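Each of the next two complexes has subunit A plus one more chain, namely subunit B in the first and subunit C in the second.
For the complex of A and B:
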């Protein structure tokens, strides 16, 4: 099975549990299980090749420009983690089916679980660190959903938030570290990075990159001082804890340490940061775990401790330690997942996880007792279980490790860790299952159905088998995975067996077990001491920190954003002006190279009217109707200017857009106040005038400087002029650029225009759905209305003009390729022709005669343009390549056909639809019940009823 | 000619910005329209000015043409700025009808100033 498919399967399958929950909980769970099973089988098909030492690859260049490739690879390490994720995932799915109650939304649960699973598989199989980062963030997000699954519990929500904050912040740091790493190596592909150890360790940026990446890994793997989120995440349902916090998510950080071990490890920095953090975490976690009364909290801190152990081993940087780390990852996953599940069973059946309220369950829950005991003994490091083997290897390695010149520090602390580890493991057995039977359990505990104990029992079976026959069962896996960690170098000598002779590690183990038993006996007085000792409460510190950050952010935001929009605009403009002034000051301005164009009388007249209109408009803008008229004058002069300066297409477009815009604003003004009150003080106005004047001066000066100088280099306009006819078959270069050279841009533009029209439509719907509708229906116009709302002269004139206007539109459309015109302008003209009908004959009359909804016209325009573009694929050319030719039918003149015309038709339709939809939406505001008339004209000599009613009246 | 165009762009920009700094939605919309003119003419003028040389190819003789590329860009910009204006007008109208107030400032509690709702 392709690696793409293995990584994608959980994501694809995530849809089904949520859908199939309607068919029952079994269907939902089966869908999740089958998906996982399929991915697991697919993975196992690669097992022989991976264990042989092959690396399976699947590559796909996604965004090569960014160095982001969807490359996957599967080596021993990735295989080990992927099998843990998918294998334990399968067991969790089974367990959760029976653990979750009828009230829990199980479909959502499995969907979240599969999303998380997919993200995890993605992390361990990515061959590109950018891709890995994406999956990394996805695990943070999906685990947030899982931890906060019980939304009604405040602890669940708080725990989820804390986990997301801590791991998310770590992820942010890691992005920085990864980018530095990729920069040093010159590639974001892991395989390249892994082979550039010398370059990376020699780089001055090695230490920053290392620290940033370690922050990411440590937050994810709950290492000191970021360990505090993990116990709070225990508010999640137990299947989630068993999955995320034993086998997968918290191991993602370890995976990353192991993955980057070949390039990052081996330096003193690595040793002192990683090994020390691991050591502290291991000891601290183990001590706290002993004094936790909540079963899951105990397990959570023990997990913190064991993660610290593995981190420490990886931090040692020796090959033997790497082997031990890999081996302990396997062992910890098996016994810890089983322990979490057994804790879940106790909670499920006894309705409490408080150790103080438990005890004597041995008789009531014999199966659970057996499972929990084996797993806990393995955690304590008792032979013949698998935990003993890897703990032995760890102790062995600490004996050979000196820290800062001291040979006893590391083994001594490791021994303390092991001692407490044995103590809390024993406590888990003794205080929960042994002792006398009690009579005050919150519920009547008994063993659960087979569905719930099967998964932990299977894991416990593995615990025993790996312990007894480790070399046979996991030997090859450990060898390949460890080989991958140490970068394919020769593995050191090691043997996975129970009896190594009388080694220092054995004596340490004996001390740890005996000491653990003693500690447990002294638990009561010790716990009293612990409770009385002052210690920092992580949650309180964390919340105080977050509250302080929120306060800071709020102070800054509220200070900057006081709700005065003009102030924001003024600050932005002033800042832009200042920035431009700085650029002008610090740059050099070459001497003008172009001679000025001559000016005739007409341009001066146009210029003067533009200036006068603008000035008047600003001065009189409080009279809104007058301002609208004056802005029309400005638009008119601008379009004439375009025409004078050799841009006939622009002139045509500007003038038609002008008409539509003014109508639109008039419609809006109909409902708004006709006057703007004086609100700003003279001082404020003076300030605004000065900002505006300086900005205007700057922009004017800039364009003047541009216009009086030649281009620095060759522009691409020459290409367009040269190829417009040869390649595009049209002599109107502007139109050929729009529909051919830059057709893709135009395609985007008509989509944007269509979206704008749909937004207007949706806004209208939303506004008319509120109490505004009642207001509009009862509204009295604030200006006197014309007595004749549909004057006969206007109706007749627009009716006669309609075909003429449409003919002009058609003419403009067809000549567009060779002469000024084209789809945009033709569309605007056609739209104006139709708007005239609305204006003359009324909204109701026009709507009645409208056959196609404007949405459909926009849609068909976009589709036609798209289909034209796709059509070029059939001739094997890229999207939107145009074709053209000439036809000569006697007696007609020779004429040209071009696929670009079809594209232009799409533009035409989209423009017509968008303009009309916008204006139609706006005019719906004006509709009032009485306004509906059957007649297009108020007075019609040919109509009898008017005369009749008049006679009667 | 260049001086005329440059001064027109400057005046349009200044007028547009002044109106954008007003406190009611209608003048702000007018200001945006003026600014759109200014920006469009600015973009167009980056192709340098030339009169009597439209970029319509002449098949029969060699003549000079003005730069067609800024024209094509500005043409779509004009149409898109219509779309933008229409959306802004719609938002302003909806806001006015909902609160009977066309002030664009927010009051202390985050609603539109003078909102009686």
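For the complex of A and C:
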């Protein structure tokens, strides 16, 4: 089966459990199980080749420009992890079917689980570190969903958030590290990176890359000081803990360490950072685990400890240690998943996980007892179980490792770790299952059905078999996986067997087991001492840290942008001015290349009008209605300016936009005070005035400098002028740019315009759905209202104007391709023609006569534009290529047709729809049921006449 | 002949100019708002009209084609100017007059601008 398919199967299959839950829980679980089984079988088909030492590859260039290729490869290491993920995943799916209760949404659970599974398989099989990062983040996200599966429990939500924060932050660090690594190696493909060890280790960026990657790996694998999230993630349902927190996700960090071992390991930095962190984590986790009364907390800290052990082994950087690490990954996955499942069974049947309330369960739950005992003994490192084998190898390796000149530090600490590890393993057996039967269990414990114990029993079977026949069962797998870790070099001598003779490791093992038994006997007084000793509480520290970060973020955000326009504008403008000043200071300004033209009378008049209008604006801006009038004046002068400077298209657009904008602002003004109150102090105003003056003068200077100089390079205008008629079939260059040269931009813009109008509509709907509606209905106008709001003259004039205006719009539209005009301007004019009806005859009257919803007009515009663009595909040309030609029909003069006109029709419709939808939405705020008029005109002589004749008649 | 045409065009221009000045002067000179409303009407009708007629004559006599753009402009002016004036007058009545301060509205009960719910009762009864 292709690697693509194996990686994709869980994602594809994730749909089914959520859908099939309607057909029952068995159907849902079977769908998840079958998907996993299929992927597992597909993986196993590759087993012979991988065990031979082949590397299976599947390649697909996804975004080659970014170096992101969807390349997958499967070597021994990837195969080991993928089989753990899929194999244990299968067992977990079986277990969860019987673990979850009726109230739990099982469909969601399996969907999340499969998403997680797919992400994990993706991590271990990707051959591109960018792709790996994507899957890495996906595991963080999907594990968030799984940890927080019991949404109603605050611990679940907090634990999920903590896990996401820690692993997500680590993931961010890792992105940085991976990018550096890829940059050094010159490729983001793992196979290339793995073969450039010298270049990477010689690079000055080796240490930063190493640290960043290690932060990612350590957070994921719960290494000290990031270990605290794992115990809190135990709020998850037990199947999640057994899957994510023993066998798979927490091992992703280890996988990464192992994957990059060939290029990163072997340096002192690697040894001191990785091995030391692993050692500390191992000892610390083991000590804390002994004093945890919650079964799952005990297992969580024991997992932390064992992950530390593996990290330490990988940190040693020797080949033998790598073999031991790989072997322990297998062993830990088997016994720890079984232990978690047995803890889940106890919790499920006894309704408590508190060790203090348990004991004597061996009589009540013999099967669970057997499973838990074997698994715990394996964890303690008791022969003949598999835990013993790898722990022996670990101890053996520590004896040969010196830390900073001391030969005893590492073995000594490792011995302490092993000792506590044995102690908590024994405690798990003794305090839960042995001892006298109690009478005060929260529920009556008994062994569960076969569905629940089958999965852990299978794993325990593996624990025993691997222990007894390790070389036969896992020997080839360990060999190929370890071979992949150490980069295909020759494996050192090792033997997977129980009896190695009287070695230092054996003595250490004996000491650890005996010491562990002694520690357990002393547990009561020790626990009292532990409880009385002051300890830092990770959750409190974490929450304080997060709260501090939140405060910091809020302070910065509020300082920059507290919702007050003046502050926001002041900061923005002052910053821009400072930046521009810096650019002016550090750049060079060439001498002017253009001479100033003579100023005619008309420009002076326009300039004077602008100055007068803006001057009045400064003086009178507190009167908002007057301000609108002045804005209108400025807009008109600008339009005339465009016209004077031979830009009729711009002038037409400007003037129609001006009209629409002023109407929009008038609508808004309806709901606002007509005067702006003085709110800021004189000092603040002085400050704002100076900022504004400096910025204004700066912009003026910039424009003056620009206009007195020619552009350095050739502008694109030449190309446009040259090709407008030849390529676009139009002599109006502006229109040809809009519908042809930059047609794709225009297409995007009309979509944006449509979305903006829809958002205004949605906001209006949302606001009118709240109490605001009642407020608006009861609103008393702040100024006295005049009668006769729809005067006859106005109504009649607008009715006369409407066909005229629409005809002008059509005229502007059709001439657009060759003369000033086009769909955009025509759309604005048509919109104004209709707005006039709203204004003159009233909202209710106009709405009644509006037959086509504006949403549909926007949509049809966008669709027409898109269809026109797609049409060019039929002639084998790129999207939006325009075609044109000339037609001669007998009585008419020869005229041109162009597909660009169809595109322009789309623009036209989108503009009409968007403008009208926005204005209609805003008007609805003012609409009151009482304001519904029966007649368009308040006073209509015709009506009076009819009434008179009726009365008389 | 050419002189004659020029004379006509010049006459239109002068008429237009004079009414433009009269309109503007009236806007400054006249005392109250309602009177002032009269002044610009001279500028928009006869003032602009004169210039438009001159333009049409120029096109017809010297450029030998019939220009009807000016007619369109006239049409729009005739449509918009009265409505603007109507609104200005209405605003003035709304702001500065009460039903009592206005002359009798003839056969209607009340002037349209004052025709609102709260005035229906106190309005002069016919």
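Everything that follows uses one rule, which is that the second predicted complex is superposed on the first by the 784 of 953 C-alpha atoms of A that agree within 3 Å, B and C clash if a C-alpha of one lies under 4 Å from a C-alpha of the other, contacts with A are read in each partner's own complex, and residues count from 1 in each chain.
We adopt the following convention: contacts are C-beta pairs under 8 Å (C-beta built on N, C-alpha and C of every residue); 3 or more make two chains touch, one makes a residue touch a chain.
Computed from a prediction, not measured in an experiment: that's the story for all the values here.
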Which of subunit B and subunit C A:475 touches, first, second, both or neither: neither
Partner chain(s) touched by A:266 [first = subunit B, second = subunit C, both, neither]: neither
Contact breadth on subunit A, by residue count: subunit C or subunit B: B
Touched partner set for A:384, first subunit B, second subunit C, both or neither: neither
Partner chain(s) touched by A:627 [first = subunit B, second = subunit C, both, neither]: first
First, second, both or neither for A:791, with subunit B first and subunit C second: second
Touching partner for A:604 - first (subunit B), second (subunit C), both, neither: first
Subunit B versus subunit C as contact partner of A:679, first or second or both or neither: first
Touched partner set for A:800, first subunit B, second subunit C, both or neither: second
Shared contact residues on subunit A - subunit B and subunit C: none
Subunit A residues within the subunit C interface of the complex: 784-788, 791, 793-794, 797, 800-801, 938-939
Residue numbers on subunit C that touch subunit A, as the complex places them: 79-80, 82-83, 86-87, 90-91, 94, 112-116, 119
Of subunit B, residues touching subunit A in the complex: 1-24, 26-27, 29-30, 33-34, 37-38, 40-42, 44-59, 65-69, 71-72, 74-76, 78-87, 89-94, 96-98, 102, 104-108, 110, 113
Subunit A residues within the subunit B interface of the complex: 563-566, 569-570, 573, 594, 596-599, 603-604, 607, 610-611, 614-615, 617-618, 621, 624, 627-628, 631, 634-635, 638, 641-642, 644-650, 653-654, 657, 660-661, 664-665, 668-669, 671-673, 676-677, 679-680, 688-689, 691-693, 695-697, 699-701, 703-704, 706-708, 710-711, 715-717, 720-721, 724-725, 731-734, 737-738, 742, 745-746, 749, 752-753, 756-757, 759-760, 763-764, 766-767, 770, 772, 775-776, 818-820, 824, 828, 911, 914-915, 918, 921-922, 925
